[in-house]
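The structure appears below as structure tokens.
Per-chain residue numbering starts at 1, and chain names A, B and C are given in the order in which the chains are listed.
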Amino acid sequence: MSKPALLEFAEVSKLFGGLAVITQLSFKVDAGERLALIGPNGAGKSTVFNLISGVYPLSAGRILIEGKDITQMASRRRIYHGVSRSFQNIRLMEHQTAIENIMLGQHPTASSLSDLLTPYRLQRRSPWVEEAKEALARAKLAQYAERPVNTLPYGVRKRIDLLRAVMARPKLLLLDEPAAGLNPVETEELHEQLMAIHDSGITLLVVEHDMHFVDRLCTRVVVINFGEKIAEGTMDEVRRDAKVREAYLGAEVATEASDAS
Amino acid sequence: MSGYAEAILLMLAINVVVAQAGYLPLAAGQLNLGVAGFMAIGAYVSAFVTNTYDLPIVLGIVSGAFAAWLVAVLLAVPLLRASGIYLALATFALGQVIQAVFLNLEVVGAAAGYAVKKHASFSLIMTTTATVLALVFLLSRTRFALYLTAVKNDPVVSDLFGINVRMIKVQAFSLGALIAGVGGALYAHQYSYLEPQNFNILLSVYIVLYVLLGGTQTVLGPILGAFFFTLLPELLRGSEQWRYVVFALFIIALMALRPQGLITTELLRRLTLRRESKG
Amino acid sequence: MLLLQQIINGLMMGGIYVLVAVSFTLTIGVLNFLNFSIPGIFMLSAIMAWRALENGWHWGLAIPFGLLVAICASFVVERFTYRFMKNVDHEIPLVSSIGFLILFENLVLVAWGSDQQKFPSLIPDLNIRAGGLIIGIGQMLSLALALLLVIGISLLLKRTQLGRGIRALAENAETATLLGIEVHRIVPVLFVVTGLLTGISGILFAMNYQQVSAAMGDVVGLKGIAAMVIGGMGNIWGAIIGGLLIGLTEVLSIYFFGADKVDFYVYGLFLVLIILRPQGILGSSAATGVKL
């Protein structure tokens, strides 16, 4: 018997007040992949993330992690089964430092009662603080470690949000538009950072609008539109797909045209 | 030390303790307008057990604190279904109900009041205050304190990172009540006479004011707030009413100009940085 | 018969609570702001009208004067609370409004002391006696006025341009701004309206109970909050039901259980309701939604 996929979405549907946002959506993410989930605005990509992380319950279907059904699992428990995520609209503790924000991501690995009540800030070298500092240093963000995040530039905050998710040592990392709002230099740094994260053994599932970024980063893409899967394969394959050209790239061209006007 | 200075110090000590009782829930985003109710539980229970069973005051304080904590834990689950302004109103109602219960509880004198036989020494009150402050300070150096901020800031994200948001909320609420119970017990053994009216909504409001004036980001904030609140009226000459007028103007101005309170983590960080650069 | 009399008294008292509850509910429903200065404004209008009467003013001038002071006070509260409440924790404007409550009460204490003062009865002390029941005309008029005012406010919200603006603001401040509604103009008007309502209720209270004091707003204000919660926060029809219900609960628990237990039942009802049914009796299903 082959190993089950790391994540399996099995005929998942989601309705909001009678309105179908996701319809009978199925796809798999295998361990070690770098998979992108793409589609026009409003296609339901963010909803997929919210269903995986358990922010919303499903209307129908199942979600499995390594063959284990997590459909009914409380959202809080899912990170302990290897799923963590970043947020499109950066959700950090604004008045806390970069270190403190990243430390939130350590919770799944430091959740015992004694972890909770250790006065780590009185310790000369707390392993948690050291780990957070190292992570920041690896991401070339060491100089921001002690700064409250509301004083930091957008690109840096975005990457602190990402580091927090990585700190949970997930098997599967959900990245919600990681490159949105970054300048070309920051995008390049992000690419390297994500490749390094992947090399450390973490599978990536990315929602992203920057096709160039997706093309470089991901090995495979799943295209959804109006909550349904319309294509799946390598970037080159889906690019040639007629349905994708019509639904997605057509829409993209239309958007670009309207943006330009 | 003069009697006046000693009286002020004792009042200050009790206020500093109850400020922490308001601070812990607020750090998790809960505005508890029923703190005075938990103080009343601590005060009456401690007074009752020391009066009736001739227990030492320390055990009275412990029983009072435990009783307040227990009531909070039992009520926390239904109460914390509400949040924001709803929680503030629910705790307000709870404070009123607790006050009304003591107003009718014949065993502790009901509306007529209740005399407390055992009087706490100056050193006992100071030691208790120091212990409470030390424990809260220790707690503020832990991951627990970090999670209070996380839960206040964004409960959804906290939940997705595996934090038991409800547990953190219940702990913040009930630990606040526990400290309020200690403060109430100290009050009982300091002033020696309890009346339900002492624990009215205004007291809860003042406790919340200590915290918000001082700032909710640090443990130091509420302490400073309590100092300020206790000493400012003493420093202002003139009639009691004029003091309160000035005081009210101060509250309004501070909330408008510095809503995060007097002491913030940013301020402390700057102060420490300056010290480091000097040293 | 005595019970029936109590019920009537409760409804009369409830009328005052209704007005106060509507003031609370308007600021909560539209701005999500629990305005604690309302009991202070309640007291200010009655005290100022009393001062004017003491100085020999005709009641036709003294009452508008009291109301004017109430409106001005409410306007000042708006400048210092709502103005500064953007991007801060929700408790900050609440605390400022408590500051105003302390300020108003102590200013009055400084000026005229804490004693209860006699407020002249402006309406001839006529009672209707029907089958052993006594119904004060003044009280009945004030209950009727309270209900008329609430109906008026409701029509204002439904029918006028201003009302539509207020409701849009209650729905979502951002959307309201996008729709071209001038939020910075509507909010002061809202405070003027609540100031006026609170002022009217203060003067009605003074006329009915023929006394004023610096602390007169406290108990009524707290009961007004309870009435608002019970009816459903942000729901003005709920405020009517809540106000009358609180008035009734109050007199009935005095009648059945004695005066000392009133608060226990009134706030007990409040507490149970806010936990089990936070949207109140008439509220919509979403606890924080809009019900104007």
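Some notes on this structure:
We adopt the following convention: contacts are C-beta pairs under 8 Å (C-beta built on N, C-alpha and C of every residue); 3 or more make two chains touch, one makes a residue touch a chain.
No experiment lies behind these values; they were computed from the predicted model shown.
With chains as nodes and touching pairs as edges, the resulting graph is an open line.
Of all chains shown, B has the CA centroid lying nearest to the centroid of every protein CA atom.
A straight line joining the Cα centres of subunit A and subunit B is 41 Å long. Note on chain placement: the centre of subunit A and the centre of subunit C lie 50 Å apart, centres being C-alpha means.
Taking each chain's centre as the average of its CA atoms, subunit B and subunit C sit 30 Å apart.
Residues of subunit C that touch subunit B in their complex: 28, 32, 34, 80-81, 83-84, 88-96, 98-100, 102-103, 106-107, 109-110, 222, 225-226, 229, 233, 260-264, 266-268, 270-271, 274-275, 278, 287-288. Across the interface of their complex, subunit C is touched by residues 26, 29, 31, 78-79, 81-82, 84-86, 88-90, 92-94, 96-97, 99-101, 103-104, 110-111, 201, 205, 208-209, 212, 216, 239, 241-242, 244-245, 247-249, 251-252, 255-256, 259-260 of subunit B.
The touching residues of subunit A, counted against subunit B in their complex, run 53-55, 75-80, 84-85, 87, 91, 93-96, 100, 103-105, 107-108, 110-111, 115-122, 128, 146, 148, 164, 168.
Those residues of subunit B lying in contact with subunit A across their complex are 138-144, 146-147, 149-150, 153-154, 156-165, 217, 264-266, 269.
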